[in-house]
Amino acid sequence: MKTMLQTVLASVLSAALLAPPAIAAQDTLSLGMVLEPPNLDPTAGAASAIREVTYANIFEGLTRIDAAGAVKPGLAQSWEISPDGLTYRFHLHAGVHFHDGAAFDCSVVQFSYARAVAPDSTNAQKGLFEPIARTDCPDPLTAVVTLKHQAANFLFDMGWGDAVMVSPGSAAGNKTHPIGTGPFRFVRWVQGDRVDLERFPGYWGTPAKLSAVSFRFIADPAAATAALLAGDLDAFSNFPAPETLPQLRADSRFTVAIGTTEGKTILALNDARKPFDDVRVRRALAYAIDRRALSAALFSGLAPPIGSHYTPADPDYVDLANIYPFDPARARQLLKEAGVAPGTRVTIALPPPPYARRSGEIIAAELQDVGLSVSLEPIEWAQWLDRVFKRSDFDMTIIAHTEARDLDIYARDHYYFNYQSPGYKSLYAQYLAALTPAAQKPLLVGLQRKLADDEPNVFLFALPKIGVWNANLHGLWRNDPIPANDVTSVYWGQ
Amino acid sequence: MARFLAGRCAILLATLLAASVLVFLVLQVLPGDPASIMLGTSARPDTLAAMHHQLGLDRPLWQRYPLWIAALLRGDFGVSYTYSVPVADLLRARIAISLPLALLAMALSVALAIPLGVFAAARRGHLSDTLVMGVAQLGVSVPNFWLGLLLVLLFSVKLGWLPAGGFAGPRSLLLPAVALALPQAAILARVTRSSVLETLGEDFVRTARAKGLSRAAALWRHAVPNALIPVITIMGLQFSFLLAGTIIIENVFNLPGLGRLIFQAIAQRDLIVVQDLVVLLAGSVIVVNFLVDLAYAALDPRLARA
Amino acid sequence: MSALLELDDLSVRLPAAGPVPLLDRVSLSLERGESLGVVGESGCGKSMAALAIMGLLPPGAVVSGGLRFDGQDLLAAPEAAWCALRGRRIGMVFQEPMTALNPIQRIGAQLAEGPRRHLRLGRGAAESEVLRLLDRVGLARISPDRYPHQLSGGQRQRVMIAMALACGPDLLLADEPTTALDMTIQGQILALLAELAAERRMALLLITHDLGVVARHAARTLVMYAGRVVETGPTPAVFARMAHPYTHGLFAASPHAIMAGGRRRLPTIQGQVPEPRARPPGCCFAPRCAAAAEDCRQSPPMLAPLDAGHLAACYHPRAAA
Amino acid sequence: MARPIHAVSLWLGAAISGAMLAIALLSLVWTPYPPTAIDIVHRLALPSARHWLGTDPIGRDIASMLMAGARNSLLVALIALAVGAGLGVPLGALAAARRGWVDELVMRGSDLAFAFPALLTAVMIAALAGPGAGNAMLAIGLFAAPVFARLTRGAALGVWPRDFVLAARTAGRGNTTITLLHVLPNIAGVLIVQATIQFALAILAEAGLSYVGLGTQPPQPSWGRMLADAQTYIFTAPRLAIFPGLAISLTVLGLNLLGDGLRDLLDPRLRRAR
């Protein structure tokens, strides 16, 4: 019940402070993001936030990835692959211009790829371009890329944000003033607050339906919720406050879309360190952890538990989540068999994301419960990259691997969790050699099962993509096959 | 006076220099590589090296410090590693939020504390004095970030009058400024009260009354101006707390100010931004205290002869 | 015609300090142009009397008896009436010139405050009035723009006097105006006060612990002890007889006595003024009095006339010399 | 007339502080539930007979966490206080005893230290050595040190010219002996009062640092972190943000009242002013 004073105050305050914003014409979008991009050049930085602003909206590559994760034509309207798989002939769209008026043709492709592999290149995914031997331009609208060796994922890779086309005249300034060929052009960046884009009238393809898009950076979950409720934001495609979902779901103004991501959240173990070199210990840890409780506590139960390094979003996914059901007694017994004394001290290094910090507390309690003495060590990203990732100086850590279909990391000789399995490596080599999806499928299943069996890391859950947006808004991606907020076909309707 | 000023300025500069060396050295031994944060886990060694070169991190320490300081003295704050924009631009945008916030908080706390403190002193021993001081005692004890949360709870969640966070125009500064100001006002009110009580006991106040000034006139014309001199010192000291408070409050309210910038810059090892910011913050504390000394000298003629 | 100032059994109590009155049934009267010296050791209630007359007693003080100024009953007067009197018709000079001036205000502003308030002088008129006042107290060469800390003690006391005189009061209270000053300055200041009082036909209430000062500058003398009047009368009569042993003791202890009597040793009165809450039931001075007898310890003596206008509160007054 | 009020503040302050200390000590041997015990099924339970103050988002008992948090808060603040006084008092005493360039150096050093808000120091230390209670103690202590140094110096300067110090000097006592025997005992009252106030400030600072993630680390319960964790639930379970804040405020209030009361008891100069 409102008191008189409240009512009076409310009217005074609303008059003074809440002068209602001008009713927005329904062709603009204000989209919330948790993290701000450090720069706006997807070819010079690893942060996914860069792609979440620029991918497909400002910058385009020869190919593009769609909402389902499939490769689609981008600036190249079609292509032919030579039978030996070494020559790609891309047919480029005609009449494509950059936002500054520069023309797009094959010379830009040559420039973009050469720039990515140059010695002074700071492209975070330089490896993608490693197979390229050279790029030729038989005519301005044809680009012929010759590879050194076969690369099954080449078309997919050229659809990444790191492989977008940049203009020789403006590439140097893309970090702060990105100029691409996309349907939106850059307007302004208010650091710490937002990036504004507007529809590019000279776009070569289907024009965007929205006239302007504003990406707003709101890291704090409570503030994000408040901004949505207040209508300051139209959408939050990766909503950071799962705890408020019941409230938002009950509110007919909003669409709540739970989608999938490639974020495999794992309790990574240092397999080169005792006692984690013993598979019984690793399995014991898997039995000791209640994945469903984690999902319930962190994501209101929306994060699907996983049992291997694959997510339900991936093709050929096998549900292995129940291989090690929650069973503390079994865990204790396995630990005993492996000779791990009760009270053995282990440390979990926790990087900053909330999923890691919160899982850490729960997992620590569960591992204490089976007799380990756990200490938690929260560290910054810088330290995580340096100590855990680069120098493998850790016992356990909690981390989400967000790269798509990255089963290869378990086949590497040196990777931070130090999994060494000749069996897995040979299986993976067979997979690489398999040329058809039909041939790949049993191998992919085998790889997943092998990982679940060896449990090099404890596989926890797949990060859900929680999208919350105005119920009248259509065309936003529900799933997250790659980091992007592709708003090119977003529109307002009823 | 000129000699006094020159001496104080020299000390000021020396302190700033010492602060800059300290910050620079600490940051150099900080584990973590800015380049690997920017380029992520897939980056190859040659890419990292290229990034190091681009950032100037391949130069030795003894070259980087003088380069940094010389540039600072020219007013060039350098270019942010992560944002790739001039640090000066970043700072300008962030100061545009933090400074009004700090000033608003300071103004609110002064506007609240001085009248209340004087009032309590004038009504010493009365119920109203006890009441005001009791509330002040509570105010001193409440952490400002909790107060911030409570304000959000009341004004944003329950009443929906004001934004819970983020910067959506000046009204976004209102709650954080109140959260910062109230505990500060409580301290200031207590100091004001005891200072006024002390001066009310002074002979010159009695002299003023003997001249026929009413109690209120003697209070405001003679006791309060004298009492405010020590209060100004406290306000100067509070500035340091206010800065620290601003850093936390900006996190509570998700305001893109200097406080968030410094957390972010440290996390991303944007060393140049951290260096500039720390020197800026430490410098502003030093400068404010210097200004307080000057104000003291200006307000108290007894000190002016120094 | 009634006296300018009349105290009639005026008592002051501070409940916070105990039930015993700090000022106990004090009566005195002062005519226009008359000068009265009030003497006694510190703590005997002299300053309390002055503050009572100014209405500036500490908060909580309880006043009883009669206090009249120019026929007006001050105890019944509202605060506004007090304010109109203070500085305008009653001026006061305090003991400690170092602290009695506001350290952060120019002396000119402090001097002008009274005239501007009471006489409604404009800025310009107040400025010239300040110059005139400074000149009158012998500070013609001191700029009104000075701050108190830039003046010597004697100069500050002259400023205080100028301030008290600023609106031409009818009564000037001077509470130990020279105690804090050098001997050489003391004479000048007292002379100035006497001169000004005479010039303006002001009544002067001069509070001091120094009998010599009273002897020279006051027509009448009032001796106080432990909050009470113990002897009062025309100065020559009081000094001639010193009927109360306390008056005599004070005189013997005063430095002037050395010069007068040529004695080597400075005698002192044994003991101290009793704390208000430790006052004996009889004569307060009895414990320190050589002449005290049994009756002195029973009940306090009342003021009784000795000869014309000369009264003393003593069962065994000293005989006339 | 003001005396009884301040006697009230002394006793009330002592009572609150004593109660907090008792709760902290009790938590060493008993809490309703283990403060780190997780019970996902009963997460976000409302206050009830079973869980007096309810449970948090992962089902921990809030009352138990608050009790253990008291222990943590008091301990961190106490050690920070020891660091601050341990650094500041000797330096201030030294400056007062030696004067001259030593004095100047100590004072300028304290200016420099003072220019870094505790939070900034903590951020730097945390970046260097990782966040943690130990580093929070160090940062808060480093920030308190100049306060103690200035206060000690100022108070000691007032003692040095006194007669008994001159007498000791004439008797040939050294600076250290005089400082220990005469100066410090004479300024102990001022220092104790300041220590109480700094203790309260240290509790606030620890809460602030833990709130931004630089203080006490999980699983060790901490009031500041409980507040930080509660922030995301401000729409759904605002009570999570109420209890820890009350605990902090109450403790600080108790110490401040105690400090005020002690000041009246020990510092006659200020007693007059009140």
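Order of writing sets the chain letters: A, B, C and D. Residues in each chain are counted from 1.
By definition in this document, contacts are C-beta pairs under 8 Å (C-beta built on N, C-alpha and C of every residue); 3 or more make two chains touch, one makes a residue touch a chain.
From a predicted model like this one, the values you see are computed outputs, not experimental measurements.
Trainee: Both chain A and chain B are touched by which chains?
Mentor: D
Trainee: Using only alpha carbons, which chain's centroid is the nearest to the whole structure's centroid?
Mentor: B
Trainee: Taking CA centroids for every chain, report which one is farthest away from chain C.
Mentor: Looking at centroid distances, A is the chain farthest away.
Trainee: Tell me which has more C-beta contacts between its two chains, B-D or B-C.
Mentor: B-D
Trainee: With centres defined as the mean C-alpha position, give me the chain B-chain D separation in Å.
Mentor: Going by mean C-alpha positions, chain B sits 21 Å from chain D.
Trainee: Between chain A and chain C, what is the gap in Å from one C-alpha centre to the other?
Mentor: For chain A versus chain C, the centre distance works out to 90 Å.
Trainee: When the C-alpha atoms of chain C and chain D are each averaged to a single point, how far apart are the two points in Å?
Mentor: 53
Trainee: Among the residues of chain A, which are close enough to touch at least two other chains?
Mentor: Residues 220, 222, 225-226, 380, 383.
Trainee: Of all residues in chain C, which are in touch with two or more distinct other chains?
Mentor: Chain C, residues with two or more chain partners: not present.
Trainee: Quick one: which residues in chain B touch 2 or more of the other chains?
Mentor: If we look for residues of chain B contacting two or more partner chains, we find 30-32, 152, 157, 164, 251, 266.
Trainee: Return all touching chain pairs.
Mentor: So, checking each combination of chains, I get A-B, A-D, B-C, B-D as the touching pairs.
Trainee: In their complex, what parts of chain D are in touch with chain B?
Mentor: 1-2, 5, 9, 108, 111-112, 114-120, 123-124, 127-128, 200, 204, 207-208, 211-212, 227, 230-231, 234-235, 238, 241-242, 244-245, 248-250, 252-253, 256-257, 260, 270, 272-274
Trainee: Within the complex, which stretch of chain B touches chain C?
Mentor: 202-204, 206-215, 221-222, 225-226, 229, 299-302
Trainee: Could you please specify the touching residues of chain B with respect to chain A in the complex?
Mentor: My answer: residues 30-34, 36-44, 46-47, 50-51, 53-54, 82-85, 89-90, 93-94, 152, 156-157, 159-168, 171, 174, 251, 253-254, 256-257, 260-261, 266-269.
Trainee: Give the list of chain A residues in touch with chain B in this complex.
Mentor: 6, 10, 13-14, 17-18, 38-39, 45-47, 119-127, 175-176, 190-193, 216-220, 222-223, 225-227, 230, 232, 352, 380-383, 385-387, 389-390, 403
Trainee: Touching residues of chain A toward chain D in the complex: what are they?
Mentor: By the definition above, chain A touches chain D via 220-222, 225-226, 241, 243-244, 246-247, 290, 293, 296-297, 354, 357-358, 360-362, 364-366, 368, 374, 376-380, 383.
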